[in-house]
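In this document, chain identifiers A, B, C and D correspond to the written order of the chains, with residue numbering beginning at 1 in each.
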């Protein structure tokens, strides 16, 4: 059951072009990979919390990996050690875990939920992470992914790993399952035969399925709530 | 002539219950004691700058002494070394300096403009500073005042210096001039024969006398602009 | 403390506004009624409504534009929540809207039978549904109110939009049988999407409109618009309203009612 | 780039709105016209006005309530600024207001003689002056416009308040002889003081109102309300307005016009 936690900032530092935030919420809770938390932005000009997928969990410590894109994440990046963040979660459905060999594809900040997912998968894990350029990642961050799986990088400018878009390098191969997270265009251009689950984004208001503000249209024309029916959807459900 | 400066934060640290901010604006400018600067608050939910009296000036370095009372000063207190503040000034008329013996009375943050004033007065300077309690000031801050004049303290709870309100201890004595700064009620209860100048506060919008937002009513019933006709007024002008 | 909303005892002046918390199912799974005096589920229509296409929410400076379009599964699904509403330790007021007088009449009839409903809030003011805005002229406000009044005999509040000249609308609705008013629904706005603006940005506008109303006429009012803090609640209560609704603030703090209620003590 | 406001060439679509910069004397001592296409001094009345008692300004979330009450030294003092206005390298449009038709007529007559004035903005919408609000009904809007039109033959803009149903007012003013409209003055609001709300909080509301107008009728419009950034200017220009006024943003950044103009390039 989601709850509101006071999360004391233990660490909030840059990692490449991203920030890595770790908070302590005082107790250990169950979180399914792919679930997210809503962090309150303590500014008067914002009324919505901001959604962040769980990046990692250790005992009572939750970690988030985020990119500064606007006022909410900008504010967040300025929080210092000791600041008490108001954190609501875990929310959403989470990935369904299967055994066997999995491919975890992340475009940009889409890599965030894949670490905790990889940690929880019972079987071989291949990471395929894409970014615009090499500086997007810190070496330390990448080494954490390497610790739990095989890591392949793709950069748009070719400054690290393969050159191009991450989706060009998805091979059908012998995967039991593909998990993907990243911009909508990336997700839509995934073309594979294996079962795939993707994590979607949408502006989140309530976060628990009540307000119907976060809906996306599915292939069948039905509206689904990203915050409650998702954020994890079967790739085939997503309207193209 | 007032200008917009980029002021690099050199120091912004607490001093008792106050904060002491020092910025470098890259050149040395003329400032009359009692003049103020408008600091831009880089938040979307504020449209007005915040006014701060000049506390001290050394070459291209300007210092301000302020108390955190709301969102603007709260934001300001979080600025770190290196932050480029957008600073507009100097604004207002400033105190008129006379020779002889002067009494400089400050209630609470009203002490801010008195330091630079004391530094610029040609003659004996007696400071009479009041606060609720001893912890309001840091010893270091008080010693700066002591360096340039005699310092007498008054606290409401008697935890330092005399007990009571600062206005109880204003003696007519042999002063050429009295300068006072503090809350309106304090200024209104000043009852002396010597010429006195006081610094007033009002919500400031334009800061250069154009918008007529900051007016106060004078004894004659006339409206005067705090930002342009003031913030320094002859005590007798102030409506009681 | 105890508040009285036209005969209904409220343990708190704080009301969960219709919409942000949906029908309450998901909310009350996680949170309690602590701090709340009244719960108003999201507006119910006779038939299910799919609502507007995405995006439905845009944040603006100090506000939020929403264009949900009254998405809901219709009154017959809503009736299935009877057990939930009976289990709450606070009264529940139903919010209803309809595209025709017949629909309103039927909804009134349905509500009349529900003893677990303390009253009805007739939503005549949703800015996000084309062609269903009854508040464009006083005649339709009168007719809509009268229609519900015909079939619904208990407490009837009418929720109106913020308008510069609201008096004739209030008069029309009163003569149609309204007992009180919820003032106001969201403020029409546009930033990428057209919708209704809520949140702190609108509060000074609503205070002004409400002040003029409260100084002029004596009607039971629930205020709605921009409440984020205890001070906001006090500002509204000071104008003489009976209760204060909270909407958008639940997004920032799902436990806002509890916190504000404690601060009000 | 070059913009055309009903025949007047503007070097920039950015206009200094009437009020925040007063009559310009203090502003142009410190700042240049860089980035500005037009300057509109604070509204001038026939006789001096002392304005409203303090406090006159309250900051709200993302906005500002002002209640200056049209304080100004009257048109005869204003006429002494001829040299300043002649010395500016951008056109100046006079903003006028009056409590009676006679006053408006006299002001029109005075303006007619001033060859250094590019046009007149008739302020029918100040929310802070009791009894002088011409915008309460269409008849007085028509009469006021017609009265100024009788004596003033050149470019005449009329500044209206934000209203939900503005069309009849625009029609009335057009038939009274208005060439164009400044939309809108501040939004009536209250937070400690009653006054007009300006700043970013109002922009989504104004965009919505203006969008509906621009989609419906083809009239020259200067937009006013909540512009803080280049994006805000573009949002208004996108609706088809001829120019965009900046008011409150000058308080945050006295050099805002220069900065936005550079960003627009």
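Criterion: contacts are C-beta pairs under 8 Å (C-beta built on N, C-alpha and C of every residue); 3 or more make two chains touch, one makes a residue touch a chain.
Keep in mind that what you see is a predicted model, and the values were worked out from it rather than measured.
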item	value
Chain pair showing more contacts of the two, B-C and B-D	B-D
CA centroid of chain A to CA centroid of chain D, Å	48
Where chain C and chain D are represented by their mean Cα positions, the distance between them in whole Å	36
Multi-chain contact sites of chain D, meaning residues that touch two or more partners	61-63, 200
Multi-chain contact residues (two or more partners), chain A	44-45
Touch-based graph of the chains, sorted into line, ring, star, complete or other	complete
Residue numbers on chain D that touch chain A, as the complex places them	61-62
Parts of chain D lying in touch with chain B, wherever the complex brings them together	19-27, 29-30, 42, 50-51, 53-59, 61-64, 66, 68, 71, 199-200, 228, 248-255
Chain C - residues contacting chain D, complex	60-63, 65, 163-164, 187-191, 194, 197, 200-205, 207-209, 211, 235
In the complex, chain A residues that touch chain B	43-45, 71, 78
Interfacial residue positions of chain A with respect to chain C in the complex	1-4, 40, 44-49, 86, 88, 202-203, 205-217, 223, 228
